[in-house]
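Worksheet for the structure shown next.
Letters A, B, C and D mark the chains as written, and numbering starts fresh at 1 in each.
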Amino acid sequence: MKVPPPPSGKVELPVALSLALLADMLRIRRMEEKCAELYGEGKIRGFLHLYIGEEAVAAGAMRALAPEDNIVATYREHGHALLRGVSMDRIMAEMYGKREGCSGGRGGSMHLFDAAARFYGGNAIVGGGLPLAAGLALAAKLKKESRITACFFGEGAVAEGAFHESMNLAQLWRLPVAYFCENNLYAMGTALERSESQTDLCAKAASYGMATLKADGMDVAAVHKTAQRAREHVATKGPVFVEFQTYRFRAHSMFDPELYRDKGEVEAWKERGPLHTFSARLKAQGDLTEGRFLELDRAAQAEVDKAVAFAEAGTREPAEDLAKDVTTPS
Amino acid sequence: MKVPPPPSGKVELPVALSLALLADMLRIRRMEEKCAELYGEGKIRGFLHLYIGEEAVAAGAMRALAPEDNIVATYREHGHALLRGVSMDRIMAEMYGKREGCSGGRGGSMHLFDAAARFYGGNAIVGGGLPLAAGLALAAKLKKESRITACFFGEGAVAEGAFHESMNLAQLWRLPVAYFCENNLYAMGTALERSESQTDLCAKAASYGMATLKADGMDVAAVHKTAQRAREHVATKGPVFVEFQTYRFRAHSMFDPELYRDKGEVEAWKERGPLHTFSARLKAQGDLTEGRFLELDRAAQAEVDKAVAFAEAGTREPAEDLAKDVTTPS
Amino acid sequence: MSAISYREALRLALDEALEKDERVFLMGEDVGRYGGTYAVSKGLLEKYGSERVRDTPLSELGFVGAGIGAALGGMRPIVEVMTVNFSLLALDQIVNTAALLRHMSGGQFSVPLVVRMATGAGRQLAAQHSHSLEGWYAHIPGIRIVAPATVEDARGMLGAALADPDPVLVFEYPALFETKGEASGGKVDIASSKVRREGSRVTLVTYGGCLPKAMQAAEQVDGEVIDLRVLRPLDMAPVVGSLKKTRRAVVVDEGWRSGGLAAEVMARIMEQAFYELDAPVARVCSEEVPVPYAKHLEEAALPQTEKIVAAAQGLFA
Amino acid sequence: MSAISYREALRLALDEALEKDERVFLMGEDVGRYGGTYAVSKGLLEKYGSERVRDTPLSELGFVGAGIGAALGGMRPIVEVMTVNFSLLALDQIVNTAALLRHMSGGQFSVPLVVRMATGAGRQLAAQHSHSLEGWYAHIPGIRIVAPATVEDARGMLGAALADPDPVLVFEYPALFETKGEASGGKVDIASSKVRREGSRVTLVTYGGCLPKAMQAAEQVDGEVIDLRVLRPLDMAPVVGSLKKTRRAVVVDEGWRSGGLAAEVMARIMEQAFYELDAPVARVCSEEVPVPYAKHLEEAALPQTEKIVAAAQGLFA
């Protein structure tokens, strides 16, 4: 597969927004780099799926959504949770398995949740979130609420029956749901062309009669504008499917020996990295100085340090409370 | 929905073949009319799904297939089994629950099977046969056999995840399988436009990159030619999806009060009935006389009478043998 | 108060639920225009419209998942999966999402979802349409499983299920649809087992479609019949109580013998009432075969009154 | 003969199966290029090519169904469903097709399919990745369920499963993947339970990932350990035999307590060895909660050596 040239050209966004998007991406990046480190130290366990390389998608999309909207995500959702407003403290504490975590330590990396942020997880079954999102959208429609539901998922999920059934229900019932497909070209070690007879994902979505959009997922500005159009479409017309073309720089999870792709491909994609290409463009057009960049980076780093301290200081839920929250106390 | 005009025009088939197709349809029709009667008498029980009105599909398709091909069907499969060469005696005995039945009385109407005919059932889970057919085709491909697998299913199955996953696997792996969709416009009481956001089923299939064909399922000649083209395509190029547009004249099953469609629609479709329109066309072009028709009809009727006698005379498997065939005796 | 059928009771319950609470809606295959496979929802589309009595495509995984989402979104969906046989297609959403969500989210998200489905054999529908898997579902923490066996419960359990903040699976028994009985319309609990017949020689523990068979058997063996009603969480108190008196029990369950709900009841008796027993508890379950079509074979495969009587008598041999 | 790991034994078994019989092929998610989620199939793609070590899309229902079809078509497919958690998506094909087909067709079609999947908790993978549902599958007639708990069985059971004309589900235990042991390469049966340790005070019945825990506990309580190995059909003879000696038993099972396989073992003991018992059989199972992420909570949720010891000692209280 040919790697497209890096995102370039003028960033047509207000400076403040550009800087905010940059800061968002930095916050994810620094947080996850720390997570990788903590995993090495055994402070974080279980599966850990890093989003490194893909930050532009969550960053660009999340700022296009409204506070009343619902979010559904996958096991690769640290970035989405963070940018949706779940504090880094609570995310980090969750990865530590502490009761101060955003899921009380019960969920871990793959199951971040936050009711206040309308962040519905954190789903470790590939494709599992898609019907859920349709249902959240159905509820909003029946209740005549203006919120939309945004559902993030990987391109691997497209092969699942759940994708098919959800797309059909969403379009048939004209549900206010945006399906945001993060196409990073691989599902674990399986490349898109070895899992889909039709690799044009928008063509697949269009076969349900659904509106589709596509954007360079390494370009946060392009993502943001596309997500805005998507939200507008959903709010006024009906469901939409958006393909964000992206790439993960790290292994699938901490267990992945990465036998299925060569270093050269990864390096080529890194040229397209959302952080440095966006920074460079902003600098080129005078919207960002190196000093400002370092400031943002330091802030992100400080947030990470604080989050780690918070998590370290967190407490363990007593084992006697194990059975709590299996069902709702009456 | 507008009902198209009845099939008309010259039948471009050898006379012998035309008469054979007519005889095939008559055999199904007479057999099933008898089944309905027997159901009324309590001789047949459980679910009984009649194919009346749709006979042209099984008739036209089955004669396009080779003896080595595999067949997978649904619970509405009496016609398919019969035309594939399962004797009417054994079909009828099966509906009676007799050990002489083609499934030893264990399957009943929904589960006709015949190993010799490579007839793999008789599946009462909507969509359940589609992955199975892909697998049979995969085996043939791996074994470099020339057989294809033909999978019959209703348009209701298109909404199932099993459809999606099977279409993708079939096309991705270029499996020698023909998906024959019998679009009779209803899945029980649910009209196609209330179950699919995209009602053009060929467009759906094409979204997997699969070749598609479409034919008037009330015109046995059109079905036959299309099925021949389909088989040729599968044998030489890869999988194919065919939509046969048809209609069932009877209720979904013997329990259906038919609240969901009006009599007028059913009557309009009956104008398109495969038996009388085909007979009329053959007569018009001098390929069929009323005498010949009556002869064929009497033969079919005689076959039915014989089958009923066979079933009546059949024996009951002793209850002590209940656990037989749960697993393979070693 | 006059007698109505089990089917009418189910319909009445749906009607009342839709009437009472705007958040309630019914969705599933053929619940609307067709009138429900078993005619349970007949007339409701006309009364409540197609938004609230919503026909779905054949997409069990999709619409059960959508039901979970709608519940999270503030609605009170009643999702009908036509029969337990097809629910296997939706199992992932039921187990991996509905049942786990509250715990996984640290108690943030309850899923007030009701899933209804028909279950059981006995009408010659053969192997793929005759499963009794409610005992299977009863293995899963985070969901409640109810099995109305009387007209009163058929009427009352739905309302109780809707009032539950967590997912409830309601298993309905086509074998009982023509049964007549009184339905007070009063509240019923979905927490307790109930003694349906007093007796002194042997305790017959059962639920759902086997209840009438157990009642008939009880006549012949002076049995005390306990209807479990709620399969998860199990209420064993009446069983243990009865055993103090009878000291013998037969568990009757239409699920296949190995690993069916009957096994769990036996295990609980082992744990909670071992010293009360004068004989090992026996079970009458379905034989370990896919349910065959032929009538006499199907009958041989399922629990029957005579088998229950024989098992009860066997305890005194 | 030198010790190899459980993982190596699984790989060896696959390698030998592919080597020996042309009809055998392996298919599943990431079995090829990735090398298998647990590195079990590493190197096999290179050796046998992508037709015989076939990566699939994320389509559990589809490729398990395709495996059934391929088996019917004369192949000997080994289908890997990465973990039991995802097998719920394929359950319809396993239960409604693979398990029923032979009976439903009056004995015409056997399905010589092997489905492998990883199962169990213990690695902080949280609720959706920690199920132990092999006991659930053991409820279904028409399929055989095997649970290799030793390196020898990890190596030998696959070949035996492939030789079985009917569907066999092989449950593999990541918790045991690093275990070392001898693997003779000789034939093993997939029909019998085995005594893994002799003892005289109490019988500990278990299988799969709990075997090492039961073995440890046995040291402390003079336990006789029985590894069920095959969960369907169950071979109770060694259990009953052992009970004649010990008169007490604890069943250890990582499934949730209610309705787990342990319940079935207890029910069978009730039926077959009631009069041998000096105390009610106890069970140590997973607590009835979705498995939590936090390490100490996960540990509290699962069976542990100390709990087994305590349960065994409790039988003498």
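Keep this in mind: contacts are C-beta pairs under 8 Å (C-beta built on N, C-alpha and C of every residue); 3 or more make two chains touch, one makes a residue touch a chain.
Here the structure is a predicted model, which means the values were calculated and not measured.
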{"item": "Third chains touching both chain D and chain B", "value": "A, C"}
{"item": "Chain whose Cα centroid lies at the greatest distance from that of chain C", "value": "A"}
{"item": "Distance from chain D to chain C - Cα centre to Cα centre, in angstrom", "value": "30"}
{"item": "Averaged-CA centre spacing for the pair chain B and chain A, given as whole angstrom", "value": "47"}
{"item": "Whole-Å gap separating chain A and chain D, where each centre is the average of the chain's CA atoms", "value": "36"}
{"item": "Chain D residues counted as touching two or more neighbouring chains", "value": "56-57, 59, 61-62, 85-86, 89, 92, 96, 103-104, 126-128, 141-142, 288-290, 292"}
{"item": "Touching two or more other chains - residues of chain A", "value": "103, 105-107, 111, 123, 125, 128, 159-162, 164-165, 168, 172, 194-196, 326"}
{"item": "Arrangement of touching chains [line / ring / star / complete / other]", "value": "complete"}
{"item": "Complex contact set, residues of chain A against chain D", "value": "45-47, 94, 97-98, 103, 105-111, 123-128, 156-157, 159-162, 187-191, 194-196, 255-257, 259-260, 316-317, 319, 322-323, 326"}
{"item": "Partner chain B, residues of chain D touching it in the complex", "value": "25, 51, 56-57, 59, 61-75, 77, 92-93, 96-97, 101-110, 141-142, 144, 165-166"}
{"item": "List of chain D residues in touch with chain C within their complex", "value": "61, 85-86, 88-89, 91-92, 95-96, 99-100, 103-104, 126-128, 131, 135-136, 138-142, 232-234, 255-256, 258-264, 266-267, 269-271, 274-275, 277, 279-283, 288-290, 292"}
{"item": "Residue numbers on chain A that touch chain B, as the complex places them", "value": "159-165, 167-168, 171-172, 194-198, 203-204, 206-210"}
{"item": "Footprint of chain A on chain D - complex, ascending", "value": "29-30, 32-35, 37, 39, 55-62, 85-86, 89, 123-129, 287-290, 292-297, 299-301"}
